[in-house]
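Accompanying notes for the structure given below.
Lettered A, B, C, D, E and F in written order, each chain numbered from 1.
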Amino acid sequence: MEEIITLDYGSGGKKTSSLIEEILLPKFDNSKLNELMDGAVLKSKGRIAFSTDSFVVSPYFFPGGDIGKLAVCGTVNDLLMCGAIPRYLSLSFIIEEGFKIEHLKKIVNSISETAKECGIEIVTGDTKVVEKGKGDGIYINTSGIGFMEIEGYAKARINDGDVVIVTGNVGDHGVAVMSARNGFFLDTDLKSDCMPLTNLAKTIFKYGREVKIMRDPTRGGLATTLNEFVEGTEFSIELIEKDVPIAQNVFTACEILGIDPLYSANEGKIVLIASKDIAEDLVKDIKNLPEGKNAAIIGKVTSNHKGLVVLKTPIGGSRILNKLTGAQLPRIC
Amino acid sequence: MCLAVPLKVIEIDGNDAVAELDGIKMKIRVDFVKDIKIGDYVYVHAGFAINKLDEKLAKENLELFREVANAAKNKSK
Amino acid sequence: MQLKINPSEVKDIVEFIKNYDKRKIKIMEVCGTHTMSIAKSGIKTILPENIKLISGPGCPVCVTAINRIDEILTLSQNPKVLIATFGDMLKVPGSRQGFNLATLKSMGAKVEVVYSAMDAISIAENNPDFEVVFLGIGFETTAPGTAVAIKEAKERNIKNFSVFSMHKFVEPALRALLDSKEIEIDAFICPGHVSTILGIKGFRFLADDYKKPSVISGFEPEDILTAIYKIIMQFEKNIAIIENEYMRIVTLEGNEFAQRIMEDVFEPVDDIWRGIGIIPKSGMGIKDTYCDFDTVKRFDIKLDFKDKLTICKCGDIIKGKIEPKECSLFAKLCSPENPIGPCMVSSEGACAAYYKYLRF
Amino acid sequence: MEEIITLDYGSGGKKTSSLIEEILLPKFDNSKLNELMDGAVLKSKGRIAFSTDSFVVSPYFFPGGDIGKLAVCGTVNDLLMCGAIPRYLSLSFIIEEGFKIEHLKKIVNSISETAKECGIEIVTGDTKVVEKGKGDGIYINTSGIGFMEIEGYAKARINDGDVVIVTGNVGDHGVAVMSARNGFFLDTDLKSDCMPLTNLAKTIFKYGREVKIMRDPTRGGLATTLNEFVEGTEFSIELIEKDVPIAQNVFTACEILGIDPLYSANEGKIVLIASKDIAEDLVKDIKNLPEGKNAAIIGKVTSNHKGLVVLKTPIGGSRILNKLTGAQLPRIC
Amino acid sequence: MQLKINPSEVKDIVEFIKNYDKRKIKIMEVCGTHTMSIAKSGIKTILPENIKLISGPGCPVCVTAINRIDEILTLSQNPKVLIATFGDMLKVPGSRQGFNLATLKSMGAKVEVVYSAMDAISIAENNPDFEVVFLGIGFETTAPGTAVAIKEAKERNIKNFSVFSMHKFVEPALRALLDSKEIEIDAFICPGHVSTILGIKGFRFLADDYKKPSVISGFEPEDILTAIYKIIMQFEKNIAIIENEYMRIVTLEGNEFAQRIMEDVFEPVDDIWRGIGIIPKSGMGIKDTYCDFDTVKRFDIKLDFKDKLTICKCGDIIKGKIEPKECSLFAKLCSPENPIGPCMVSSEGACAAYYKYLRF
Amino acid sequence: MCLAVPLKVIEIDGNDAVAELDGIKMKIRVDFVKDIKIGDYVYVHAGFAINKLDEKLAKENLELFREVANAAKNKSK
């Protein structure tokens, strides 16, 4: 029989140990984790960033990545967005009984590789097993600690005349995962953009406080993140629709399913607000990175519509771009 | 009311077909678009081809836009 | 294949319309997809004061009577029933506050979102222990697909599949609106995809019987702008004809195969429209030949046709009598997160479009 | 209709914001969290401990606590066991759609109260919603950061002649939860011992390096933790069965269900190994705390059975006490 | 109510036994619960060399033939079937490596752990869409409860409940062992709870027919130590009688009500015991009166009675021929985490007890 | 073979009863233990009372242990 996870693996006894020792430790070899204590004891430095996310993506293997890669990138990216260099990661699994050990190994492998790529150590972890029918294969939580590099990214620092920059095409992850999940398509080239934002963020860090705020526009997409930037402030964002980079196939998939790429999740993009003076240089620098080649200035900060994001359409019209209201669903109308 | 997108037919098997655009392939039904052939463009709504998109007519449509644009420009002056 | 023109050329049409100030024209865009496209492209923000676009009864979700929603929600509580539906229907509220297919699903009802009526058939085959009920919504564009699914279910002798048909004909609703005289509409942008099925002849009655300048339009901003231009021109020329802007796909006769399949399966029945009331012969009932696949008969549902009191003004909005912001609930008690009426639920509902895109 | 969580609450849009702003923030009011950034930026100090756990307990309300209290105590206790004073907590929910908002509020409330009791700040969080049938009401992950107080708890420091101490009755949590879950009993007084170990740990910290290692014997129970202490070492533990404190009702419930209290989880106990010299004093100190009144010396470290835990029975026999092998199940035999 | 004596008094018995060196005595504890209690209290570690305790065929899980397990596992794959079982059966391996109820459950089979046969009836009532199959395992102590459940199901006309009876009689197995002469057993510790039902008379045959000193014993360490003491005394006095140490609950005639209910529902049938083979009239078949509740008939299961080849030596262990450590797989390929045979699965299995408690 | 524990009967309703020990209450069946009354102790196996535990006999059992212990002590000497 194919090896599968049973409830025993979560009982805290021998099977749990064997899971840790045979599948996890060999991939995350480092002295902190090997102690197998209740937690890891770590060197710290000045101020730190701390972030957490649980990952529940379905399917857990999707074009362009898997839940493991996503779980590492997700927290690494959030730490970077705080202005920190990611250092330590915790890793916690909730596995549904019946999950294939082969799949777990594949996921663990991609966690390990992504962690290496990010230069982050996995220092503490946990594994729980839930009954069949009480999960969706596997859920992963990662929490991370980073050492602060640049302090003070905050919406309070956004100002009239600032510009909005995105580091690449938007909507890829959400559309790729939705397509992989719902089976409406036979085949596509859609791929999640899931990746660590390390190089992009480090490039941005160089511009110090000329960058006001940045964020990875994940759930809720670009539109929601931009709203978060200005809601409750005196400012609005004017977004130029035609300047927002969207891959042709993502655009087409959205047209077919009746969804909006501006609300579709990204897992490998940064959207930021920077002072106008350095915007061109910054975009040039970003474009020099392979993952930044589609970077663009997509809008600007104004005082015209306090707290709102306004989209300027190609025909010269304008409309409000709200936060996402409710999960996006394929529609016929 | 009814979203529909133009896709290119790349496989046909009776009333079943596969249509494609920008690498996105989907199964569609062509029950009510007869004399269809591979390479044809069809408008697809809710999984059904509702009509063929004639290349010649598409060009005429573009010309229509241009005519209107021209006329509008002249009228605006 | 090139389908779009150069933005600078579109600008010329925009410029003309923007500056057109010769007369007041109230144009109804019948189709919800037009409503959506107009809102998304910001066309309303460039129209001059004297040109008004009002949304018609062309959002299938919006026109579905709350009676039907309640019946569907009740049906979804049957543990044997699996509801297969287009995503559009998921959040349409019933008459009890907070109840819709999404919330009932979150409490255990079986609800699956499909992209095509054919998907519902596959679900039926893969779930032999469930009664799969497909919610048939939409106008003449969507109904032929449902008809194919019903025919196929019969041919393949699928025993656990049925359709709750709420499909509707566009023409009776437009006639009812025009006949009622409650409202003034000067011209129509006609639904491009319904016209694909029905042909130009399907909307000729607007010009012939009611003398309304009408243009069948596609869904790109340039399609709609061109349609508006052409309507203005009809007024300038003092004519009222039906024109076809969407020539790349709409023909004179439409899709006769689709018409035939639809006629084979459905027959006109009196139907109730949200906010409008009963319109004779405006609904598509499943013919007796296919009664095994009619959810209403299969579950012996006593369809309710009484007008249910609702505080929602969708009816007036669908009739073009008021604009969303004139509803006292708009953006206060009623919002896309907590919609009171269907016009706020459907992304192509007039209230939702207004709420999302135009509340500057 | 009763208010429930729907998928929209996890979409990252408006409903997610309202959940955070209306239910979570008011309970965890602190400036770090209020920023609602991708993570929290925090003051750090020298060396830190970092720990994570996901909590999947069923039922999520149980006698003596709920999943919220458990999630805070669990990570706080793990940090304490590392020799650290817990400072910051991350909080991540995986909620099944259909979950009652009233229940969520109750859980959030108990998280907030327990956090206050522990003197820990909740500084960053996440909320995901999964489809009906893909969860079990609610799962919670907490990760925590503590500032190191005592370094060097490690099994390498265990030595011949050391003694084993437990701070109170064992088996309470596991038995209480199993009883609440399986419904085999009509009614019991069984209660989880779920509580923060702060005061106990601080008392133990005072003994510095005279304490060799300590751990909270959660999943797998006392037996599994003791095995973890000596496995792979030159030493064994001799446990005196009659000295292990077990509440009478826990003992009886175990007899009825055919399970072993030594393998039943604890959520408010510490088991530790200390040098003989200070053992009596330490136990006396622990007994002075209300939560330590049943503390006892329950065994000693020997070199007799390398790597094993040996139980001395009341009749003078002995047997091996292994790690748990597989989840405990009620039996008739 | 005080049921236990003072530890210092127990020590006196221990001391005596520890120092007893007059003769070799091989005692079989028939009951798996005794095996477990002996292991947990460390009695084996205080016995002198000359006194051996060997485990008998009294673990219901251990004696269940692999054929039955395979049939159960197959049944669990029927999507309509919900298996209700005592926790004991969950991990008993079938003949395909890695397959047991727990792993099949983790892949979607419906399996619920119950504490009582009556729980299985409640499950049947609460899951009308499932066929609830209760796995009837155990000897005369457990079978009366199953009999009550079957009678109740009949009375209450519960249509979706049946019992897969693998219940067994103790006497035929002990007789088979003693008759086979393959093994030497000098004396018996008789199962206290089976005796509660059958009475002292139920084990008289050991002394009368086979001249084996026998003591019915309770399950506390002092019970077992007392039984051992009494067995030694019988040898000292050169007698072979049946004695009752468990007097607080075991009577001469046993529980006649329970016997009667059991006889009403079950009848002796030939049955196969793991490692022993077929023993005539050793199994409890469900009588025809209750055939509606017999899983075997309901699902038309063709019971397999062929001896399946297995590498496990449980048979020899159950017969007292070898000790667990003499099996070549013991603690190598076979362990509680990955049990090959049932003796390693059940916590009262001889191999599991030895593995867990005695591998110093 | 058959775990059984002595519990005290605290409610009786036909063949259904509630038994208790150390605050742990459970539903049991008493189908084959007749003339039972509240306050009786029963041994419970798999949810069924298999017999009553007679207080007098329990005392005798204790005496038996003591006798054996005594005899053993004497013999050991």
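Following the convention adopted for this analysis, a residue touches a chain if its C-beta (ideal position, glycine included) is under 8 Å from a C-beta of that chain, and two chains touch if they have at least 3 such contacts.
Remember, predicted model here, so these are calculated numbers, not experimental data.
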> Which chains lie in contact with each of chain A and chain D?
Replying inline: C, E
> Does C-D or D-F have more contacting C-beta pairs?
Replying inline: D-F
> Rounded to the nearest 5 degrees, what is the angle of the rotation that puts chain B onto chain F, matching CA atoms?
Replying inline: 180
> Greatest Cα-centroid separation from chain D: which chain?
Replying inline: B
> Of the other chains, whose C-alpha centre is the longest way from the centre of chain E?
Replying inline: B
> Can you give the whole-Å distance between the Cα centres of chain E and chain F?
Replying inline: 21
>> Rounded to a whole Å, what is the gap between the Cα centroids of chain B and chain F?
In response: 83
>> Measuring centre to centre with CA averages, how many angstrom lie between chain B and chain D?
In response: 62
> How big is the gap, in whole Å, between where the Cα atoms of chain A centre and where those of chain B centre?
Replying inline: 36
> When you check chain D against every other chain, which residues touch at least two of them?
Replying inline: 7-8, 14-15, 184, 258, 322, 325-326, 331-333
> Which parts of chain E, given as residue numbers and ranges, touch two or more other chains?
Replying inline: 10, 32-33, 59-60, 86, 115, 138, 142, 222, 337, 348
> Counting only residues that touch at least 2 other chains, which ones in chain F make the list?
Replying inline: 1-3, 45-46
> Taking the complex as given, what residues does chain B use to touch chain C?
Replying inline: 1-4, 6, 15, 29, 31-34, 41, 43, 45-48, 50-55, 57-58, 60-62, 64-66, 68-73, 75-76
> Along chain A, where are the residues that touch chain D in the complex?
Replying inline: 7-8, 10-17, 35-56, 58, 77-79, 81-84, 88, 90-94, 123-126, 128, 130-131, 133-136, 139, 141, 143-146, 148, 151, 153-154, 215-216, 218-221, 224, 228, 263, 265, 322-328
> In their shared complex, at which residues does chain E touch chain A?
Replying inline: 96-99, 102-103, 105-108, 337
> Tell me, which parts of chain C touch chain A in their complex?
Replying inline: 7, 10-11, 14, 32-33, 39-46, 59-61, 86-88, 90-91, 113, 115, 138, 142, 221-222, 225, 335-337, 346-348, 356-360
> Tell me, which parts of chain B touch chain A in their complex?
Replying inline: 1-3, 5, 7, 18, 21-27, 44-46
